[in-house]
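Look at the two complexes coming up: chain A is in both, with chain B in one and chain C in the other.
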Partner chain A sequence: MLALDAPVVPPSARSRAAQGLTAAAALGIFALQRCEDCGAVQYPPRDACVECLSARLRWRAMERGGELLSETLIRHGQELYFRRRAPYRAGLVRLDVGPSTIVALHRACEGAPSRLRLRLALDKAGQALLIGLPEKDVPDMADDPIIRETTCAPRARKVLITDVKTRVGRAMAEALVAAGAEIVWAGFAAPWKPSPHLEALRALGPVTPVPLDVTDESSVRELAGGIGGKVDILINTAEHHRPGAIASRNGIETARAEMEVNFFGLLRLAQAFSAALKARAADGQASSTAWVNLLSARALSNDPAHGTFSASMAAAFSLAQALRADLQASGIRVLNVFPGPIEDEWNALVPPPKLSPEALARTVVDALERGLEDVYPGEVAKDLIARFLENPKALERELAG
Partner chain B sequence: MSSPVLTHLVSDIVAGRLRVVDLTHTLAPEFPPIVLPPEFGESAPVRIEEISRYDAGGPAWYWNNLSFGEHTGTHFDAPIHWITGRDQPNNSTDTIPLDKFIASASVIDCTCEAAEDADYLLTVSKLREFEERHGRILPRSWVLMRTDWSKRAGDPVAFQNFDATGQHTPGPDVEAVRFLIEERDVVGFGTETIGTDAGQAAHLRPPFPCHALMHGAGRFGLQCLANLDLLPATGAVLIAAPLKIRQGSGSPLRVLALVAA
Partner chain C sequence: MRDAARPYEDIVVAAPVTVPYTRHSIKSAHWFLAQALARLIHSARIRKTDIDGLAVSSFTLSPDTAVGFTQHIGLSPRFLEHVPMGGASAIVQLRRAARAVEAGDAHIVACIAGDTNHVDSFRLNAASFSRFARDAVYPYGSGGPNGSFALLTAHYMRVFGATPQDYGKLCVAQRQNALTNPLALFRKELSLQEYLEARPIADPIRLFDCVMPCAGADGFLVMRRAMAKKLDLAHARLLAAIERHNGYPDDPIQFRGGWALDRAALYDQAGVSPKDIDFLEAYDDYPVMTLMQIEDLGFCGKGEGPEFVRRHSFTTQGSFPLNTSGGQLSMGQAGAAGGHLGVVEAVRQLIGMPLGAQVGKARLGLVSGFGMINYDRGLCSGAAILAAPGGRKKRGKR
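Here is the complex of A and B:
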């Protein structure tokens, strides 16, 4: 028997060409294909130009404006997901860049004809969805069914941050409180090691410190037993990082410690927390909604000055993809964050620019509020992902120094 | 050929005339580990990961994979643990002569001093005072420093007792260690805290005397002991054999004490 509030997601089958929309939505970019030969902008995504049949179609960021030509109120749907959400507004929009398309309309959009802005967002199935927004923001923009369905705002939600004994963990907790989280469970390991960050957080009303050592399965299970059924957003900030070339150190104990936290820690959390998270994905307005992994841009291509750390983050990245595949079926978003070097003691020898923990935390909150899936915060990370996508071999050589 | 001593030993245990006291904390992930500054290598913590528990992984059996550093839980320090003991003969857990694992124990009650001062250092005069009341410390015996610190084990913060200046736990001073080695020929020194040395022993000269001098003289250490309050001042016999780890610098172990009922 399917419980009434069991998570149901929209149909997710897409052509390979259409995954280009998903890729753009995952990053929060509004992109469409444009023909390299005749310049025609394409929609829906296709393999050959609708005007000249050229196969040279490239994804490019586009102007977001459009004209609402007509709208309709959809009261029934064949798919279970849409049946549950009816009635909802759908509109026919002519994009300023050319094509016309059907979009989901924000409640504050005026009737046709009117101007609006378009957004590419990820729906509950993790696939791209075009949304029409009013041309100018209105109060409580986020208070709209289609926005709620496509974002993971922390407001009024219960959040677990797995390690707050670092500047990053503390900044994350403070940013979540500022974003209106109802509860922030603040994980801390090794209680005998004093932490100014944990102490500072105790003063914040929504923050509740909880013992959690991601290297200890019994500790992870214990906490999951206590609060696992209430966590709406899990933010994994637990990280172990020791810089150095792989030949600079004897033995594997440091590398093992990095793997224990960065890789196995994530796996233990996934095994203990994901089932309840999935089960509560359709649990009213304050449902469970997201899982955030603080990874590293070093996961993309190994930075040999941080050789074993990079490797552990690459392993964690791969695991995070598996976690995403698992959670996606229930509509839980997995947000992977790939910062460049962060201002902390383990990047002390890395020259600036470095990302401040506070800026990182703001970026994560922003990404949750926009419903993104992959984030490269800071200039270094943006530069690395651009170089990686353009030529991974070149980046490997460049990082080898 | 049977020995009447062994026969009596077993019959006294069976009849309850001898009690067996467990001086061991349960080996568990939450028991506080030794903490070094982050620039040093760290001991692996105790981890118990289930292989199966009458489930798909093993329908009729329960078992775990176990991992830990050599110096976790109630544990034994072999001379090879310290650089001063590296050239001692038979200095590792696999080569120490077995007879040294069974020895009598003197229990020095320092509970009042430790309660007043977490940095309390056991002195020669305290040892002489003990001997005046209980008799001379025997050669080849253990000297155990009772502080009741083990009663803090349920509270890891109090057990570790860190502040901004580091760890604050009691231990022996330099002269007491020298006295026990050179004038009493002990087999080793045992504590209830996380080290045989005091928390602030890095500031003594030499630093960490119980490690540097004891191990340098081929003697042993026992730490994180429990239930010392159940032992008489003298007369208990300890059975404390570490795991036979090749070139082992120490190991968690079960420490048993035989005492008259």
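Here is the complex of A and C:
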């Protein structure tokens, strides 16, 4: 028998072509397939151009305006997920770029015929969803059920930051308080020791320091036993980073220390916290909602000047994919953040531009509020991912210097 | 350009059969289809081996197709069609069978359709209906056909001024027609008030706009008139038939179907005009589609459907008899058999053996099929004109 609060997600089966829509939604881009030969825009996603049969269909960012031609209020969905959320407002929209689309309608949209704009978001199953929004923002836009279901805003939620020793961790705490988080548990290896940083964070109000050392399994388990069942969003900021080429050191102690935090730390957190997060994924308005991994753009392709760090982040990225697969079935979003070099002592020798911890923290909050899945904050990260997607082999050579 | 097809040469439809519908069944599609075939054989007083052509339609026959079904029932046809076209399957089967008989590829083609309905069948079918539906419709509230047709219904109301009373009048009239039909699942009188006050399903669609998914099967035989006479079978003659798939792909939303593209060919082939038609068996999964068929088949102009509805009674004995057995709205929808319902009822009316009341002057019947809401619209349309065994109408009356 299904427990009443067992997480139920919307139907997730999609064709391979439709995963292109998911890829765009993960990045917060509104993209549709366009035929490279005749220019026809396609929807639903296809394997051959509807006009000229060309197989050269590419995902391109598109204008998102359209006209609502018709709408309905579905009061009896076939799937349990929708039955719990009935009635569901759906509409048929003719996009300015051509195709007709079926969309979920924001409650502030006017009736047909009316102008609206579309957003591509990820639903609770982690799959792409087209949402019709009013042309202009209205007050409390984010309170609409379809927006709440597709985003992970920290407002009024309880958040655990795994490490606030670093500037990034502290900036994260400040940004979350500013975004209206109800509680911010601030992980700190020894919170009982006097620390000016902790005093400053305590002064923010909702911040409560908690003892946490991700390299210590019993520490992780103990904290999970205490607050695991209350955490709505977990943000893993714990990081160990020592620059240098792999041949510049003897022995593997530095690399082991990086793996101990960046990879095994994430694994310990996943083992201790994911079950509790999954269990509360369907808790109505106050549900658990997201898991954030602060990774590195160096996870995409090794930066030999940060050889072992890049490798540990590549390992953490891979583990984060496994975590995503596990949490997705419950409707918990895993947000992977791939920043370029951050303004800290370990990137002191890296030339600018570098990312300030404050900008990184704001990007994470923004990504949660928009419900994204992959974020590349800062100019360097955006440059790296573009080069990586265009030609990974070229990037490998370029990073070799 | 008009695509003129060769006229049919003395092709007839005989032995209309129905395996009584039930709301749910633990039996399989194979069972229902086999029973339809058994009834055809019994009704036509022929042997199984006399059937040398077979056309099959079913949503729930999986993992089998018509091929596996031949072995299941021990039939060795020399002509075999699997027609997965939902509510257009009957017309398409009829067209294929007629040409096969004309060409000598088969002497007697059994056209059957049927489905079972287990308790969870409808949801499972809706969830995996088509690739486009799975990618781009089902994740939006999983309303199934109710949600999709609600969008078409609301649009048609807004643009052409149809009212809930117009839709309701069709549903009420069809229920009236069902009252004398012993095989109808719904035989309780329905008032317009009850229709209007019924619970909303997917606005503006109300409970009585929706067909009841059920289990059942229907079938008929297609052969030459000479064969029907030899077998001493009552029969209706096939005068014309059309089909179209993915008609009007550039319409932003469906407000017409492929019938509008092909109706001139239909009436030309039959040598009759819309005013000669004595009754219409339209595909009534949902009332808005009935309105579109009335318009697109030329009984009135586009957008004049609501006015047409207000002018007629649609009862079997009234003006413009429509869905004289009660249609799917009262009989139930046995999956792919939904389109066969219209063909078997038309033949029954034309040979004077209806399940319920008889249309007073039933000489020419028009049957229309519609199927497969693959994404945002139904893709398959078809129609056929059948005539009573008597004399053929003169050509050139259009």
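FYI, the second predicted complex is superposed on the first by the 394 of 401 C-alpha atoms of A that agree within 3 Å, B and C clash if a C-alpha of one lies under 4 Å from a C-alpha of the other, contacts with A are read in each partner's own complex, and residues count from 1 in each chain.
Note that in this section contacts are C-beta pairs under 8 Å (C-beta built on N, C-alpha and C of every residue); 3 or more make two chains touch, one makes a residue touch a chain.
This one's a predicted model, so the numbers in the text were calculated from it and none came from an experiment.
**Student:** Does chain C touch more residues of chain A than chain B does, or is it the other way round?
**Tutor:** Counting contacted residues of chain A, the larger count belongs to C.
**Student:** Based on the superposed arrangement, let me know which partner A:257 touches: chain B (first), chain C (second), both, or neither?
**Tutor:** First partner only.
**Student:** Please work out whether A:70 is in contact with chain B alone, chain C alone, both, or neither, and reply first, second, both or neither.
**Tutor:** After superposition on chain A, A:70 lies in contact with chain C alone.
**Student:** In the overlaid three-chain picture, which partner chain does A:190 touch, first (chain B) or second (chain C), both, or neither?
**Tutor:** first
**Student:** Tell me the contact category for A:218 with respect to chain B and chain C: first, second, both or neither.
**Tutor:** Touch status of A:218: first partner only.
**Student:** Show which residues of chain A both chain B and chain C reach, each in its own complex.
**Tutor:** Touching chain B in the first complex and chain C in the second, no residue of chain A appears in both lists.
**Student:** What residues of chain A sit close enough to touch chain C in their complex?
**Tutor:** My answer: residues 10-11, 13-15, 17-18, 43-45, 50, 69-79, 81-82, 88, 90-92, 94, 100-104, 112-113, 123, 125, 127, 129-130.
**Student:** Where on chain B does chain A make contact in their complex?
**Tutor:** 29-30, 32, 35, 41-42, 44-45, 47-50, 156-157, 159-164
**Student:** Okay, in this complex, where on chain C does chain A touch?
**Tutor:** 122-123, 126-128, 131-132, 134-144, 146-147, 150-152, 154-155, 158, 199-205, 249, 252-253, 375-376
**Student:** Can you list the chain A residues touching chain B in their complex?
**Tutor:** 190-194, 213, 215-219, 251, 253-254, 256-257
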